[in-house]
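So that we are looking at the same thing, I have put the structure below in structure tokens.
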Amino acid sequence: MNVALVGVTGYSGMILYQLLQQHPEVAAIRLFGHPDSQTQPLEEAVPNFIGDQTPIEPLDPAVILADCNLIFFATSAGVTTELAAPFIAADFPVIDLSGDYRLQDPQVFTKWYHKPAPAVSALQQSHYGLAEFANAAGHSYIANPGCYATATLLGLAPLVQQHLIAPDSIIVDAKSGTSGAGKKLATSTHFSQTNENLQLYKVNQHQHIPEIMQQLKVWDQNVPAIQFTTTLLPITRGIMSTIYAKTDANAEQLAGAFAATYAALPFVRVLPNGQMPNLKEVVGTNFCDLGVSYNPATQTVMVVSVIDNLIKGAAGQALQNFNQYFGFAATDGLQLATWLP
Amino acid sequence: MNVALVGVTGYSGMILYQLLQQHPEVAAIRLFGHPDSQTQPLEEAVPNFIGDQTPIEPLDPAVILADCNLIFFATSAGVTTELAAPFIAADFPVIDLSGDYRLQDPQVFTKWYHKPAPAVSALQQSHYGLAEFANAAGHSYIANPGCYATATLLGLAPLVQQHLIAPDSIIVDAKSGTSGAGKKLATSTHFSQTNENLQLYKVNQHQHIPEIMQQLKVWDQNVPAIQFTTTLLPITRGIMSTIYAKTDANAEQLAGAFAATYAALPFVRVLPNGQMPNLKEVVGTNFCDLGVSYNPATQTVMVVSVIDNLIKGAAGQALQNFNQYFGFAATDGLQLATWLP
Amino acid sequence: MNVALVGVTGYSGMILYQLLQQHPEVAAIRLFGHPDSQTQPLEEAVPNFIGDQTPIEPLDPAVILADCNLIFFATSAGVTTELAAPFIAADFPVIDLSGDYRLQDPQVFTKWYHKPAPAVSALQQSHYGLAEFANAAGHSYIANPGCYATATLLGLAPLVQQHLIAPDSIIVDAKSGTSGAGKKLATSTHFSQTNENLQLYKVNQHQHIPEIMQQLKVWDQNVPAIQFTTTLLPITRGIMSTIYAKTDANAEQLAGAFAATYAALPFVRVLPNGQMPNLKEVVGTNFCDLGVSYNPATQTVMVVSVIDNLIKGAAGQALQNFNQYFGFAATDGLQLATWLP
Amino acid sequence: MNVALVGVTGYSGMILYQLLQQHPEVAAIRLFGHPDSQTQPLEEAVPNFIGDQTPIEPLDPAVILADCNLIFFATSAGVTTELAAPFIAADFPVIDLSGDYRLQDPQVFTKWYHKPAPAVSALQQSHYGLAEFANAAGHSYIANPGCYATATLLGLAPLVQQHLIAPDSIIVDAKSGTSGAGKKLATSTHFSQTNENLQLYKVNQHQHIPEIMQQLKVWDQNVPAIQFTTTLLPITRGIMSTIYAKTDANAEQLAGAFAATYAALPFVRVLPNGQMPNLKEVVGTNFCDLGVSYNPATQTVMVVSVIDNLIKGAAGQALQNFNQYFGFAATDGLQLATWLP
């Protein structure tokens, strides 16, 4: 299998490149930058790839359509829209790690992304690749979910699918490391500002909210809205979504729902007996660990969902979609050791 | 004013000692340890107090009753109960930073602290010194609130006092640095475990929950329970309580309630326009910063409350109570510069 | 005493402003920005000064010469040169925290700072305010030393002054937190880059090297050069200079030299018995802690010198010079509690 | 290949187990604890191995001698001495990650480890497996080097082997993350103590000094001693050894020596043009990155050597020795992606 990758210089692209190098079914990886860029060896563009002379070539759709089997876009918001057209036109397989094609409704896109939406036809043919609950086989345009959306939806799925919670009571207190904000310099991710600090950002305005809502409504049309808070942590990797909702179910019913939903899925681990996951245990891996706790005093269920934002929340899930698309084993390229300690 | 301090070797005691040294009305500070301990110079017991030869003497109530005007207990849970009796008997002023006398109901104490409660008469004479909403003048036994309780109650006060929220909808997602757990070694605070991690602990079992409930019920008897989660952060100092509740009020009413409640209080700063506080801005100070955000999509109010757990959440609030008890100015000894950056 | 401060928006300026607010001899602090700037309240320019409406006015020398007793420049390299002329012309007291006037030789300045030097006459009248070894009284232009220079010179002083080491054997392995690099965004201080990392920078090219050499040559003309390495730490505050040199002296002679040099100086603490200082014990204070260890196997003395880079290495030492200039007590405004834990 | 592993619950053992799981020539891994321990599933002993039921059995040499091809000891100091005798007696292959058999001279062992040495015959048959400069083939007892020793020796090898430096001028300023200190709780690795701090420890007394000296003397008998400092960093993973020595060689000669020494070795990367390595670029990998800088002003060469202490400094190098012993490819099981960001 020959694959093309656009955007290796960003954090998600770096990780995706490394994972593809270890994937048993990938023969060659070609790297591409913007069509206007100059060819540059990888180690010059990203100094930590010491000794890797793979060229990053200017994007040339004709070459890719001829020589590759699939293209990954690990590009910033808006860039895929600009570059993907020839691949969409050719019905060539694309896995898009950006948010450009996740939302089916162009008005919702414009409201949350503050820019014009891609063409409606393209949006509506796009497959939202939440890998545990969708199958990318047969879909040539795969929109890989956002990192917050992945952690949150995996935590909410059993509750919403099985109507175990009051649909208007969902509160998500999500926390993320700084790598989610990428390489771009900003005051909020300046070390002296981030370190020993907690900072809230995009309160009720994070662009992952609409893709969460879009998917929740597929599962239960009655979910009206969610409360969704994002807090920047003084760590580099990882997301924790702490989810609260009112429930009439008891602890056993809740545990049963999670167990049944995820028993056969290799990358979601439901912890036993109300035990809570530590963020660090999933960093470096494609796992999503879930802890479920019921509080009879408040009739509230709390779900804690942790992922590595750049693996399960980006490059790893992209490989899950890649495996689904080509019919490879679900865990191909994704048997990753944790980084502990 | 001559004061006695028991427990200078713990984190709260260290800070309290430093604050007392700068207090304009404190003439002398005498340090005490357990009655069975040997006299030891401070710099030997706590090496960072380089050059400070102040003796830590074995506790001798007779000396203190004769020579001091007030005693602070910055001791671990259970120790105050063991040591405070002669001071209670003499109606001598005590400010107790431990949790021993915060709960009026001995059964509640035993349930949450897993040990026998102090005498009922002592519990019921104890004054819960939440300094913004109580006045320690005239109360000889002052129970200084817990750190989580302080951050949470200051964030909830306007909402509960003015009945602006559904009383059964309160969810508190609280996060703390490691200094809240003190000097005692534990796996959860081993650097290799804490660093780059988030760990939940004491889910729905934290011993600050009952003192929060006790105070909320004073403000509104209809609050049945709260959902309260504690997450250990990879930072040393500071607490953030992120509070959610359903409300019928709108943004203006909420902002008005906070403004009115705290306008005249020097240590609570309500940020304007839904702006959210950064944790780091209060570390090193006695401030509690509050951000208030209303989400019309979910009819939910979010309040973010940040404090320095060892100052506003312990030693600083103890000084507020000290100032109230003796009628000193509220800000005496507490005009502290932030540590930024 | 009325003082003017230019550059309150930078880290050193922020700290200096806070220290001046607590200084017993300072009646008023006026804040100034660039002459071309607009007047702005402090809390708008630096949001963490919540509620402080002190105006930052465009710099107006005439006003300052008329109304103030001294001006502090906490400005970036090059800015003081641009702005200080009227004060130098009037022989008005200046304490300059930038590096512009620290080097007496304009050629050395140009070599290390890569820009034209200030006027020779001004350079040569400038007083290098290493507070433990100079007295600012009578000097109207006081160049406050650099942070690395302060830690390193205090560690080397007894050894070089008393000719206890081989003058060509000095190696300094210095480490700094990120606040030394200021507020300016840069890849090396992006949180995802700095965190869990060590980065060397400006190898043998750091601009504090020439001021260290200039001072060492005052003490011993035979020191030909020093090896000086700077490593960026994943912490915000503090510098550790680890200093090595070959010596013929033994442990007792070395200990004696340090004890004699610093016995009467309030801000330098020599630890006993080869004990080594922890960086954290000085952060938040104006102390420089020194540990001295002699290794007979290598005939090498190691000195470990730690300071808070923004206090002892900038704003605190500026206050020492301020106190010297006006004849105030050495510790006025500088009795600061450590931040431990 | 069936391998036995004693000590999977420690940090090095955890990593070694994960690496062995991915090694292409390893068919089965059997886990063992102390002979007196009870059989326990791995996930109970080390909770982050969620779902791994592999039993940790009490050590039974007879079983291992019969069923396994090699045994790894990832045990604490002293434990291998206690347990390895039957394997030594049987000339069965052992790779020992502890320090018990690294020193050939029992008196040196006792001086630095403060305990009785293993039998002289065993010490002298032990192979010091510094993988870049030794070949484990044919040696049944392989003592895997210490983490500090690995980083330091790889940085010094070209200089000492080729007599490019003054042999009495070597100074090593080494820094380590906390994982090097293992899981054991200690004040120096308590989060509130380690975080935002630098702490020196075991000044001139670190037990890796004698193994460094033993190897340096193999390369150049004239090296009399080294100055060796260890500083504990507020990070979890990684070591940086910053090495200084006086030299008569110039920059080109030094660069040439490093290039020639390491050109053919896959795990040592010499950075070009005096460029310095960042610690983070090797964490998660088996690489040792080296930067070399010559300062003509001081005639000093500085070498900066960075490794992941638990991989190249422990489990990864153990796999290099494993590969050498059985004649597998040098990089088998060691093609690891960096953790950046």
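Which chain is which? They are A, B, C and D, in the order written, and residues in each are numbered from 1.
Here, a residue touches a chain if its C-beta (ideal position, glycine included) is under 8 Å from a C-beta of that chain, and two chains touch if they have at least 3 such contacts.
Chain-to-protein mapping (UniProt): A, B, C, D = N-acetyl-gamma-glutamyl-phosphate reductase.
For clarity, every value in this text was computed on a predicted model and none was experimentally measured.
Novice: Since chain A and chain C are copies that touch, is their contact same (over half of the numbers shared) or different (under half)?
Specialist: Same, since most residue numbers here occur in both copies.
Novice: Please identify which of A-D, A-C or C-D repeats the interface of A-B; the criterion is that more than half of the contact pairs agree.
Specialist: That interface is repeated by C-D.
Novice: Could you tell me the distance, in whole angstrom, between the mean C-alpha positions of chain C and chain D?
Specialist: About 40 Å separates the centre of chain C from that of chain D.
Novice: When the C-alpha atoms of chain B and chain D are each averaged to a single point, how far apart are the two points in Å?
Specialist: 46
Novice: Distance between chain B and chain C based on Cα centroids, please, to the nearest Å.
Specialist: 37
Novice: Spell out, as numbers or ranges, the residues of chain D touching 2 or more other chains.
Specialist: Residues 11, 177, 179, 183, 192, 196, 234-237, 278, 280, 341.
Novice: Would you identify the shape of the chain contact graph, picking one of line, ring, star, complete or other?
Specialist: Shape = complete; every chain linked to every other.
Novice: Give the list of chain A residues in touch with chain D in this complex.
Specialist: Against chain D, the touching part of chain A is residues 11, 14-15, 18-19, 21-22, 48, 50-51, 179, 183, 196, 236-237, 269, 271, 278, 280-281, 284, 289, 310, 335, 337-341.
Novice: For a test of understanding, state which residues of chain D touch chain C in their complex under the given definition.
Specialist: Where chain D meets chain C, its residues are 168, 171, 173, 175, 177, 192-193, 196-200, 203-204, 224-227, 229, 231, 233-238, 240, 242, 244, 274, 276, 278-280, 283, 291, 293, 295, 297-298, 300, 302, 304, 306, 341.
Novice: How about chain A: which of its residues touch chain C in the complex?
Specialist: For this pair, the touching residues of chain A are 11, 177-179, 181, 183, 185-187, 189-192, 194-196, 234-236.
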